[in-house]
Every structure is written in C-alpha cells, then in structure tokens.
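Here's the structure we're looking at; comments come further down.
By letter and in written order, the chains are A, B, C, D, E and F; residue numbering begins at 1 in each of them.
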Amino acid sequence: MDNWLPTLITATPSEGYDLAVKLARMAIKKTQGDPAVRERLRPDYAENADSLISVSAVVATHFATVAAANAYWRDAR
Amino acid sequence: MDNWLPTLITATPSEGYDLAVKLARMAIKKTQGDPAVRERLRPDYAENADSLISVSAVVATHFATVAAANAYWRDAR
Amino acid sequence: MDNWLPTLITATPSEGYDLAVKLARMAIKKTQGDPAVRERLRPDYAENADSLISVSAVVATHFATVAAANAYWRDAR
Amino acid sequence: MDNWLPTLITATPSEGYDLAVKLARMAIKKTQGDPAVRERLRPDYAENADSLISVSAVVATHFATVAAANAYWRDAR
Amino acid sequence: MDNWLPTLITATPSEGYDLAVKLARMAIKKTQGDPAVRERLRPDYAENADSLISVSAVVATHFATVAAANAYWRDAR
Amino acid sequence: MDNWLPTLITATPSEGYDLAVKLARMAIKKTQGDPAVRERLRPDYAENADSLISVSAVVATHFATVAAANAYWRDAR
C-alpha cells in the first residue's frame, strides 16, 4: 500500500471523480484491515439509502480536494 | 460511464447546481451498481425528511466545488 | 425552474444568507418533486431538533459558497 | 429580520466565533418560525451530547467562513 | 469568556490542533451553559464510538481553518 | 504528546493521506484519554459500516487540509 497515491492530478474530471471514490474507500481499508469483515459489511451500506448518501458525502469532500488540485480542470472542456 | 464529466464549467449557476446534483448521485451509482436496488431504495430517502436533508448536504458540498471551478460565475449576472 | 439562480452575488450578507437557505431547499425539491409529499414531511424536520440542526449545516455549507462568491462582502459594512 | 447581518467583519476572532454561533442559529429560526416550538425543542438538543456536537459542527463551518472573511485576523494578536 | 480567542496564530501545527479542539468545545459551552449538565453528558460521548468520531469531525473542520490561518505553517518544520 | 505534529508537509500524497488518518484519530485520543476505553470501543466502529463511513468523512476533511498545505503536491507525479 506504500505509494498507492502518487498524485492527485488526473486528465479529466471523470478520472478525478474516480480518484475521489478511491480516496473515500481507502480510509475504510486503513481502519478495518480485514477484507473478510469489509466484505461482510458491504450489504449494510450498499443496500441502505442513508449509508449510500453518507458515502456520497465523503466522495464529495474528496472530489473538492482533487478538483482544486487540478485547478478545476478549467481548460479540460 | 467513461467520460460522463467532461468539465465542471457551466454557463450559469443554475446549471452548476444541476451538475452538483448529478455529482451527488454518481457516487451512489458507483457504490450500488444495480439499478434495481437503487430503485427499490428510492422511497427510503425520497419520502424521509432526514435523508432528503442529507442529500442536500452532499449537493451543497459539490456545489461549492462547481461554483469555485466557475469562479463563482461573478460576471454571469 | 430553468434559471432560478441567475447569480450568487447579493447586495448584503443577509441576502446572501437567504440565498443559502434557498440553495439548501432546492436540492430537496429536485430529489422529491411532489409538493404534497414535501408538505407532509415538513413537521418531521420542522419540529425535530436534530433535523433542524442538519438543515442549518446545509445552509452553512451554502453560505460559505455564497460568501466567497461575494468576496465576503468586505466593504459592505 | 431584514438586515440582521450587515457584515462578516469582526474586531477579534472571539467576536467572529459569536457571529458563527448566531449564523448557525438563524437557519433554525428561518426553518422553524414559531418561537414556542423552538423553545419546546431546546432540551432535545441542549441536554443531548450528539445534538450538541452537531451544533458545534455547524458553528465550525460558519466560523471557517467568518475567519476567511476576516483574512483570519492575522494581525489581531 | 470575553476575549478567550485572541488569535488563530499558533507556533506549531500541534498547538493549532489543540486550538481546534478548544474551538470545537466552545460551541458546546455556548449552547449548554450549565457545567453540571455538560459533565453529566460526558460519558454519553466519551464512551461512544460514533460520538467520538463526530467530535473528531468538528475538530477537523476547525483544524482546517486554523491551518489556513497559519498559512499551513509551511516553514514550521 | 507535546509536538506530535511538527509539520503538515509530506513527501507524497500517500504520506499525506496517512497523516490525515493520524489527525482524525488524535481528536479521539484527546477526547477519550483512556486507552482501555478506546480499545473496548474499537469493534463498535471497525465492524460497523456507518461508523467506518463516518471515519472516512473525517479523514477526507483532514486530507483536504494536508493536500492544500502541500499545494496539492502538483509536481509530485
């Protein structure tokens, strides 16, 4: 897991969004290190509306960071 | 879903707000990939005040990003 | 609802705050399109302390955006 | 309530913090307009640890805005 | 409590973090003014994982503000 | 615990992320000082999907701060 995040720079906003999703998931991996437990917990959030909204909130915070790091991809249109 | 987000730049704040709504929904799609499950969960949040407020919170975070990307549309009046 | 948000610029911080309240409500309208359902849900949050605090959190996020858009109204005193 | 917020500029960080508290409360007043209901709800949050933490979260978001508006009072020491 | 917060400037990031903790607590003091009630509520959050995470979230928001006020202590190494 | 945080500057985004995790945990240590209690609470959040998402939210906020402090590591690719 050493250098799983070499940069916040992405070619497009779509890729930046995917990076935000990855950033959101990584904190969960680092807090619950057992993949079997994480797999067992998956339906608890993937089939629960409020949990999904909470996941989306975390992604939103990370996307803000990634977007700013990329100067909002202003000329990426 | 490859390049669903080519840019954060929008013509008006209203369009930027709609983009924020789209950004909030996308994390849910990426976490719960099954459209049937998402459809089943819809009343859980669309008819629940607290869930709707949580959705609004996610939109607010994304709108902040989109607004900053557009330099707050300062001359779009 | 086409161009309900022509600008984030307001004359005063008070007006900016009202705009933040409007921005918070709009995501709920866009997620729950039925005015009758929204009306039915109103007591669920308007008479619940935690829900009101959550509403206030969303307003705070939007107010940050509006305030930055207005360069914090530094000479509006 | 017309111009209850003439400016975000305060003389000191302490006053800025008080303004943040005021900003957090105002959204509740604007959502629940009846002072009697607000008074009735008061023990629900003032005697509940999680509610108090949620209030503190809203104040933190507003304080960020006020602090930035005041350029973080860098020479206010 | 008049000028309990003369400045956001701290010598080190560690001190800035402690200030963020103080800022998080102050909103609770200002909302629940009775020290006896606050003392009674303490086990409700200090022995509850979710409450502790919520406290940490508030500290994170304040730390962001303090860190920015200190220009992220870029030369404090 | 005196100077546990000498700087927010890290060599890479990955290290910055680890620092964000550390920052998230520190508020919990400072609020619940007893290591035995913290250990007892661990399964409450490490085996609960919603708690893990909340932890991730706190990390996201701190990561935003660390990333900005490092000017988003723009040339770290």
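Please note the rule applied: a residue touches a chain if its C-beta (ideal position, glycine included) is under 8 Å from a C-beta of that chain, and two chains touch if they have at least 3 such contacts.
All values reported here derive from a predicted model rather than from experimental measurement.
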| item | value |
| --- | --- |
| Partition of the remaining chains by touching, absent subunit C | one piece |
| Starting at subunit B, fewest touch steps before arriving at subunit D | 2 |
| Distance between the centres, which are taken as Cα means, of subunit E and subunit C, whole angstrom | 26 |
| Separation of mean Cα positions, subunit E and subunit D [Å, integer] | 15 |
| Touching two or more other chains - residues of subunit C | 24, 45, 48, 50, 54-55, 57, 61, 64, 68 |
| Graph class of chain-chain contacts, one of line, ring, star, complete, other | ring |
| Ordered ring members, subunit C first, subunit D second | C, D, E, F, A, B |
| List of subunit C residues in touch with subunit B within their complex | 1-9, 23-28, 30-32, 37, 41-42, 44-45, 48, 50-51, 54-55, 57-58, 61-62, 64-65, 68-69 |
| Subunit B partner contacts - residues on subunit A that touch it in the complex | 12-14, 17-18, 21, 24, 45-50, 52-57, 59-61, 63-64, 67-68, 72-74, 76-77 |
